[in-house]
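In the two complexes below, subunit A is the common chain; its partner is subunit B in one and subunit C in the other.
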Partner chain A sequence: MSAELATLPRAAASPAPRSRLRGAWEVFARDRLALVGLAIVVLLVLVAVLAPWIAPDPAQGRGAAAVAQRNLAPSLDHLLGTDPLGRDVLSRVIFGARSALGVALAVVSLAIAIGVPLGLLAGYRGGWVDEAIMRVTDTFLAFPPLLLAMVIVSLLGPSLRNAALALAISWWPWYARLVRGVAASLRERPFVEGARALGLSDAAVMRRHLLPNALGPIVVQATVDVGSVILAAASLAFLGLGAQAPAPDWGLMVFDGRAAIFDHWWYSTFAGLAIFLAVLGFNLVGDALRDALDPREARR
Partner chain B sequence: MARFLARRAATAMVVLLGVSFITFMLARVVPADPAASYVGQHARPAEVEEARRALGLDRPLLEQYWTYLKDVASGDWGTSIGTKRSVLSEIGSRFPATLELLLAAIAIAAVLGTVLGVVAARRHGRGLDAALRLFSTAGISMPAFWLGLVLQIVFCYRLGLLPPTGRYASDLQFTSPVEQITGFVLFDSLVTGNFAVFGSAVEHLLLPALTLAAYPTGVIARMVRASMLEALSQDYVRAARAYGVRERVVVWRIALRNALPPATTVLGLTLAYLLTGAFFVEVVFNWPGLGQFTADALLSSDYPAIMGVTLLGAIGYILVNLAVDLVQARLDPRVRLS
Partner chain C sequence: MTAALLEVDGLVKQFGRHGARAVDGVDLRLVEGEALAIVGESGSGKTTLARCLLGLIEPSAGTVRLCGADLASLPRRRRRAVRARAQIVFQNPLASLNPRMTVERLVAEPLRLHAGLRGERLSERVDALLGDVGLDAGHRRRYPHELSGGQAQRVAIARALACEPSLLVLDEPTSALDVSVQAQILNLLADLRDRHGLAYLLISHDLAVVRNLCTRVGVMFAGRLVEVGEAGAVFAAPRHPYTAELLASAPGAGRAALMAGEEAADPGGPRRSGGCHYAPRCARRAELDGPEACARDRPTLPDGADGAACHFALATRREGRAHHDEGVSL
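And now, the complex of A and B:
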């Protein structure tokens, strides 16, 4: 009963969601760079999903060595050359997309799972709860980006899983802060007070009325963050603090190729190019999403 | 102003306490035994025990934390397990090299980013605007360690124009040694008239500084573009144009002056990025700064060194953010230090 009533105010708060989405898409599609970014992201996802079928040599992509053909320059047989263990670099780069996307999705989901509830709670409750949560958040944000993650991985022991865990630990405060802002700005609004007056529990108010309004900013932030996390995870791997050999990981490949960078330039170069393109794609899409979901932009 | 400073200092202290607590706990909760790593792999159990007592690791955790706080406050940041030297003096001897790199990168990024942002805003919606936006987004999307390697391949290996690694040519150490005044090679060699080292140092600084500048250039360009668009649509700009003020003056003096204060908000974030970004650039270019030291410490679980660098990073970050707030309040009267 109360649940049915409670849906009314939310509908009033965001009229005609369908037309708003269409408007957002129009703003998005008008931006040519956004479409470039979207193409990169779609390509990246396809490559990651289809890796075993499109990689020239899936076994080498996963790590099997073929030392007889080591350090071959790019040619028609090996479009991006081979690495010091004779593996086809193109296959390695293709399989690397799985590692990159996997880590990024894991980290961002975990950061959202921790940060969003805390942010909702802080913004909605206010008072000492807000104060306590935000001071903890501030403390985590007081570390320069990546430094905390580097420290955590080095102390837990370097591995891809620990890298992901460390990145999530240093990333959640951004979501807490973001969602707290939205929740705090809506706390006194009539539709929230109405929902409360109808007897909805705090949890229900947060879930049904505050969370939907924070979704836009969360989606924008998550899109940009997938790119940032790919970059951060690659940086950790480059220091030896992420994925370990023989995993196909872009950051690790740049690191591996660095020793002989002047003789065999292709190994590091193409792996790094993959990182760059992936991050660029998510950044372009994130920018365009921000413009599209921001009602002020739509009027321009 | 004084009250604002006091309040900010108080919050900074609370955050710093939290930071020190996190670093302390991280170093103590982890499975690796600091005492075992201190005495080395081949130590006898009795030696490990002794090291544990000597390092105070047998005391209760909170007591250890209190001791740690007292030590940090009195300038004793522990001894690096890797180099067996005091962490603070390790940091002190490497900091100038890192700061030199940071300042060079900031200078490049501030000039280049502002110019790109203003030009893009003036060509709003045209091809050049899109090209510059792609360029600045590329800047923030590029892994610094990769950009560094690519620049090395092109400029050092293929073209042979610039030296790939180091701070200045190593043979100059003997032929014309630099007098240590500040530890900043560029400054020291210039004041002492040591132009051989100065020239070599500039050559060596160029690529690392450009690499490190890529990200902040992109951030600043994007921010300046956005706030210039805002400024250029204001009435005072229209009024200035109506009075016949030359377009160059309208854009670069009138509009830009009003566009810069909002753009400074990103400065804090940018500088924070630079603190860690420099680590990677230093590793790639063998720059003898804090980054190399930190990378080694991280890989060998040299926890006193790790804690020291982390604490320094957090202090630097907090100070930078405070400075940005102050600059902003000074530039923009609307920010009333609330």
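And now, the complex of A and C:
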């Protein structure tokens, strides 16, 4: 049986699931940085979900002012100090995780929802459909994502929701391009032709045969993008184009604290650190996933 | 006479506006239960022909009628039903199965689609099909990469059979397999043909496989059929000079690959509009001192009958060409 397999061309290099999932975890677990990243991500998610229970002062975390205790330096009472409105910075940072993750998930989901179907269609159909879709994505990609998002938010009016929408609009082309590549490479493969010969509709071929084979790259891209979007959303908030006061938002906090950075350094610093950690965590996990899901990629 | 299952008329497939014609005017007729082999060197357009027949690629000209219906002119819903009547088994079984689906799901997919089976009845039918191709329920949960080449090819065959096709296109079904497994798959295919009354269109360059599975053979050169006839007769007494060349290049008797050399794909020089497209390579023409007809008129196959598309076809050793499968050696 092994001799028989040896004579077969290695066209089966494409990933196969289940048992491979375990193999992927083994590769992942061997990577120490990946585990650090995973720990950060898990921590972040837990903090976001449990914010009302773990924040020292949930009301202040949400934005309630406490003017009596303005600008206190970090101490045992307020581990990360308080801000100019007397709010506990730790609580604010904890609640900020909700906003950051929420925006990032919304943006990435929306970008996937738009980009993946378009990419599948372009890659699978080819020809003028491909041309048309790819020219549109190229147009979007020609602008720096943050700049494009800024323009869109300026048009729609600054708010957290509009910032998310704007980021999704500037992010989907990456997914379209990624998935298009995978679909185009699979299009001529016998199993796709076979599926067509069975009489499956184009939609069914794309959903059942192309999409599952593109999931790996999509998951990797999405993980890295969650980090990038957190950063981008914070940038928009910093510029006043994202979340609006008194919402707990890391970008906003960095902005609010920047004027007093030398007198009350703790306000901006901890929010900035939170952004840094989040981006780092998702990047580490994304990189490790890339290696784990595609061994060929790892060797490069 | 049995009704025609597959009728191909003047089929042309040209890639690109000025590109090569992979298929250049093929007429073909296949009746229920018939087994026809298409042989020819690599690049002769065999696989392109097969993909046109299945509607996987649009022909540039000509028609393909399957069960009396022209695929190109059918509305989408009807096309699906007609298309299911012809299925394909590919050369590389691992590449032809979605790596992310279990055997169970692979075989169930066409059953859901065409028979609308669900639940218990679907499961029973999957088992029956797997049994049909010599696999057991233990293989149901496996993924293609967990199967041997032979097992994977059996799954591919089961998947094709699930559509209850009348015609199975076999594109080099054994050439990616280990020798010991080839025979098993050939036996399975012969067996299935008897049991289900399938018609086969076999694409191959392995004459042993052809003789094993098919009664009739069509020889293809540069996109055209140059000779059609009973397999035994064609192999014993080729009438087209190209067939003779093809047979002569097959090393030894028994199983042998018919892969011609590098020059194979191109018949030489720009293809002329008139004349025989095999002429530049033709030994027969050289032998006859280059008769004018070869450069002037395009030879055609005799209408609806066996024969060779050649102005100076080689004489047959026996006139009544049928029935001499015995004693044919290559």
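In this text, the second predicted complex is superposed on the first by the 280 of 300 C-alpha atoms of A that agree within 3 Å, B and C clash if a C-alpha of one lies under 4 Å from a C-alpha of the other, contacts with A are read in each partner's own complex, and residues count from 1 in each chain.
What we mean here is this: a contact is a pair of C-beta atoms (placed from the backbone, for glycine too) under 8 Å apart; a residue touches a chain by one contact, two chains touch by 3 or more.
The model shown is predicted, which means the values in this text are computed figures rather than measured ones.
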Query raised in the report: Given the touch rule stated above, what does A:Pro144 touch, subunit B (first), subunit C (second), both, or neither?
Result: first
Requested in this report: Could you tell me if A:Asn213 is touching subunit B, subunit C, both of them or neither one (first, second, both, neither)?
Outcome: second
Query - Touched partner set for A:Pro190, first subunit B, second subunit C, both or neither - result: second
Requested in this report: Identify the partner contact of A:Gly23: answer first if only subunit B is touched, second if only subunit C is, both if each is, neither if none is.
Outcome: neither
Report task. Applying the touch criterion given at the start, work out whether A:Gly86 contacts subunit B, subunit C, both or neither, answering first, second, both or neither. Result -> neither
Report summary line: The answer to whether subunit B or subunit C touches more of subunit A is B
Report task. Would you sort A:Pro246 into first (subunit B), second (subunit C), both or neither based on which partner it touches? Result -> neither
Query raised in the report: Looking at the overlay, what does A:Pro56 touch: subunit B (first), subunit C (second), both, or neither?
Result: neither
**Report entry** Which superposed partner A:Leu200 touches (first subunit B, second subunit C, both, neither)
**Finding:** second
Requested in this report: Quick one: which bits of subunit B touch subunit A in the complex? Just the residue numbers, please.
Outcome: 11, 14-16, 18-19, 22-23, 26-27, 30-32, 130, 133-134, 137-138, 140-143, 145-147, 149-150, 152-153, 156-157, 272-273, 275-276, 279-280, 283-284, 294-295, 297-299, 301, 303, 306, 309-310, 313-314, 316-318
Query - subunit B contact footprint on subunit A (complex, rising order) - result: 32-33, 36, 135-136, 138-140, 142-148, 150-158, 227, 231, 234-235, 238-241, 251, 254, 258, 261-262, 265, 268-269, 272-273, 275-276, 279-280, 283-284, 287
Query - Partner subunit A, residues of subunit C touching it in the complex - result: 51, 54-56, 79-81, 83-84, 86-88, 90-92, 94-101, 109-110, 113-114, 143-146, 148-150, 156, 159, 163, 176-178, 180-181
Requested in this report: Give every residue of subunit A touching subunit C within the complex, in rising order.
Outcome: 1, 3-5, 7-9, 11-12, 14-19, 189-191, 193-201, 204, 208-209, 212-213
